[in-house]
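Got some structures for you, see below.
In what follows, chain A forms one complex with chain B and a second complex with chain C.
Then we have the complex of A and B:
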């Protein structure tokens, strides 16, 4: 019994630590590396990391909503609609064959390009439009949840359906190409040796970290998610806090949209179609609770790393394309099982503390 | 000589080195009622969890009607004939009374998997009339009052022909009428020869229903014997391990004429009507009323949690036309709600996070919405924790949910005290906490009043109000019925006012 306890102590420490998911990811990476050495090749690592940034932006936004006890299913549709609208502001040329029957042809854009095409302020204006629309949709979501007391799942499901539909309606499901080079540089360029996407998302993460850990507002997010009644008795403006979380989520979706659109060099009405489950999956694997009140920026980073490494490794393996999702599901299941085990160990420790 | 229903020998249990029970011996004779008392953390719940099969014992033996009894899970305890009537009831609100009664063994047609509805309802009717509950068995349980739900639990225990029924704090959420009905049912059960264990902090009730009494303190059985050997005072001194000389602190402050809280003709149809009173500096003003009299609703309106249609509220000579919690807090009003778990605490958060929830703005750099000054908050909260004698681990880590009831209440109180309130509203501040913690909280309240805080004190314990308050207002049916000065306190007159009819 005693021996067993001592043997357990070290793993218990790792399992219960904040860095558990990172350790898990590292072990998985090493395992795959041993079998496929090119996993750690320079090009693959760069590719792997470039996939981390946009996803991380989305997960950080999602985390704020999860912390206040909600969920934001509309993030990916916000990406789609802002991607399209941003492109309509700044694209250099529209192909008449594809767009001349579009409802907005001749209104906002024409063959000569988008609304501000060629203008020096086109790219900043497009970015502003994308972020503002993202925040606007988030505001509407938050308003419906906080003021109308509608269930977050329904509100954001409706928003998802409406705005992804809108993106397709506005473009007749055509991608908008010919984006300005300075916009594309945001997704593909670098400042010195550092990719600009990294700079943007790391600053976003830093801001999120400061808000959550050091600011009064951050403590309000957690308080509202843990017990909204206690929060309102304590004079916390709960409605405003909830709305802010959705606005921030929309803002982050806007950032994600900018990064993805720039990488793909297109305004794409189907942008982020298959991304929603990755976003929520990464958040949950990282340890962010679906029941509210729990979440850290670090956990979001680890959850995203896990998902990106997993995706990358599956692409490297010589497996049939059609079976990739099955294997991905299995690995996520394993991680979820380990997490359940971890929760149980933590609960046992709490009983010990409680009895004391 | 009746047989021993339950024989507990040398039971011990420790959690990770801390002894929760130490060689406890206890006998319950068949057909008798044992009253079990002890402060929170004395080991009552541990003992009951062992009997209920929730946790395993370390050493010792239990015999149930002569047979060895080692429950491995709660279902074992139910099969062995032990039934629990808890504070938190184990009923399905969405199902009917009959469904709840027969959930584990529905009457069936022969061997088919179909439920025999008629037989279910007939049997349920018989059970309900035996507990004096005159309701159709089809009624959904969520529509019942707490007292009625409890009767359903008792009926369920009877359906299972339980050999021992354990009541754990059964009266906390009951109205006076429901309470006396419960005692009538218990009496009936006793007359039928039912073996009962009755656990409660309300010592008068324990004296009233028990044949024998056992007192636990720090995991040990400190005394046990027939009821006649016990009085409330002896029970308290056994529980606490010392004599409490004085339950309530001496009030000898002279009130000042300055009104801190003025309520004028406050009305909200169906809830409160035409309430007018003043709370003065240094005053402890009690509000007494039965459940549903509007006492809690009144203070919720004053604090801005619920709306009102007419009337005026003045706080520290400032008119508050549209009260909201945030506005009231800014005017130094504090409100300890009656349910600390649901509205007072963030159970998952640490003691420190709970204590500084309201005062983050005061301890921040770059304005009240800016960054938290950690040094300052740590210092403030540690000081408060020490001042209120909150017993916890490191306050940065210890979660509120792992504190005892008394310490949880102190955390709620401390959270509000950090705001330096001018007026403090307390709604049932000592509900469900043990005697030791109660006395400490009484002292704290008294000190605050002496320093000048006006205190509005709501309680359903009349003794407590008479001990603590300078003045008592009595509410009934949403109206103020009477006012008593300290010199005119008369238990009967106050109760009469509280029970008085609507007009």
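Then we have the complex of A and C:
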């Protein structure tokens, strides 16, 4: 009888577990692996993981903004603009046929390369520029949301439009190639057996974890997201907290930009153009609430893993391309339904405990 | 809670063990050739027709085709092709998002020793070996616009030209714009400063932007669309203004485009369009498939060959002789036949 009761409650416990999405991902992986043996092949696992890191950087940043009850639609345009500006600093040469009519030709870059081309500090300076500009744009977003009380959706939508347009204007739509090998190694290289991208993003995740779980600031983020008025009355500097969330999101977009630019070996004005749905989708699937106050680094990791495994598995199937989109939509819908089910079970449990 | 943790640990252990087992397991070799066909999107009739020609021909030859749509995202295309490489495909045909990402992706295929063919959008440089078939977009656009300019000269007035610019992240779109300007700049006395209308290769954006542009400058009488698939939007804007008139009518707007699709053919036949640049879609599709299959058969892992599609401008003057070379016409005829 006891065993029966345990068996009966077991699925409920799994569904309510923090690790539910991971369990779901693992089961899905096993299912696909049974059909397509190369799913667990060395090369495929390496691919799968290399796709996780840059997306995870973006989702972690998005999570901070979602926790404070906002949304950052400008992340991908931050990636685009920082990608081209970073490339303008460090590219080894520019093709005159493509760039000589650019207004920045001869000012910031020329045929001999970018602003600091060939200089030993070119790559660090470019990385600094990319991160600083990412944070700067995040700061502007945060300022508009916190101080001007503008809706986050609107602010970041305008920022998305403006900065993606700016990235195209700055380059006249041209991609900037000939990036230094040491920069490309950030996206494609490894430190010993460990990929550089993994080291960077795991460090970022660790920093995010410490901020959210081990600092007063982390508690402020959650408090602001749960109820900004209560947080304000409690003495939390809500404006500064909101601005910091957007700055961190911009910083993470800068990291994402570095990783994606390095793996594509170019500064790209259209970088990440279609990535926003993946970023927000992964965050939500992981369990991070769109209504604020709820989110964990681990959930972001699980959400990204789910998304990447799903994408990877669909690439294995010999099906027509439109079927892939339909299947992907259905699987995401199922995951979202399961998430809704979890929320309902959890709410029922709270009511039951209250009644008892 | 403890049970849930145990369950998760059990699952993770299972994954690790099965992964280890999977790594040491090899797929059974098969005689069937597998080709990954990775394209950036199917937003125009040209890409749809190319997709159909390539996939149907390959499948008819009993070749397994893995279709991958990157939705205009270079990074996604890179990930898809890496996944295909992990599946040990025999060859790859790619319509890249742009020339720069093509170079990176070709490098991935080269490293894996898998032959790769690039369809219609050339890599930015030739540093890495690939099979490439490409149309000269700049020259074809220039040729079509040059014919339109000839027609404009006969009107003995200064023209107000407008170009519907494609997505500026797309190399083909930039080359077409360059070709347009080359032809326009050859007649400095004939044309006013051209009006550029961004379309982002999107019908709704085109409609809104073209309407706005014509409200500001209603005297536009020379219009070049960077892709034929935007003609319905051009008509929707010009018609209410009384500017959708056939050649010979005083209100006719000199019209031209590029691609060579069936809509462009019909409009040329009806006398609304003066000229259109034509890419030889079927030649390009056949050429890339033959080159790739040949490389696979010969066991070449990094074959290199550039195949040029000369293309041409179909004009009202040469239409009778050259319409058979227009892929849009051939599609129409095939549909009529079936």
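Miscellaneous remarks
The rule is simple: the second predicted complex is superposed on the first by the 346 of 356 C-alpha atoms of A that agree within 3 Å, B and C clash if a C-alpha of one lies under 4 Å from a C-alpha of the other, contacts with A are read in each partner's own complex, and residues count from 1 in each chain.
The rule is short, and it goes like this: contacts are C-beta pairs under 8 Å (C-beta built on N, C-alpha and C of every residue); 3 or more make two chains touch, one makes a residue touch a chain.
Small disclaimer: the values here were computed from a predicted structure and weren't measured.
In the superposed pair of complexes, A:173 makes contact with chain C only, with no contact to chain B.
Look at A:326: by the touch rule set out above, it reaches neither chain B nor chain C.
By the document's definition of touching, of the two partners only chain B reaches A:229; chain C does not.
Between chain B and chain C, it is C that contacts the larger number of residues in chain A. Of the two partner chains, neither chain B nor chain C is touched by A:35.
Residues of chain A touching chain C in their complex: 6, 9-10, 13-14, 16-17, 19, 22-23, 26-27, 29-30, 33, 37-45, 47, 50-51, 168, 172-175, 177, 260, 263-266, 268-275, 311-312, 315-316, 318-322, 324-325. By the touch criterion given at the top, residues 210, 214-217, 219, 222-223, 226-227, 229-237, 293-294, 350-356 of chain A touch chain B in their complex. Residues 1, 3-5, 7-8, 11-12, 14-15, 18-19, 21-23, 25-27, 39, 64-69, 71-76, 78-80, 82-88, 97-101, 103-104, 124-125, 168-170, 174 of chain C are the ones that touch chain A when the two sit in their complex.
Residues 15-16, 18, 20, 303, 305, 324-326, 328-330, 335, 337, 342-349, 353, 357-358, 360-361, 364, 368-372, 393, 398-399, 401-402, 415 of chain B are the ones that touch chain A when the two sit in their complex.
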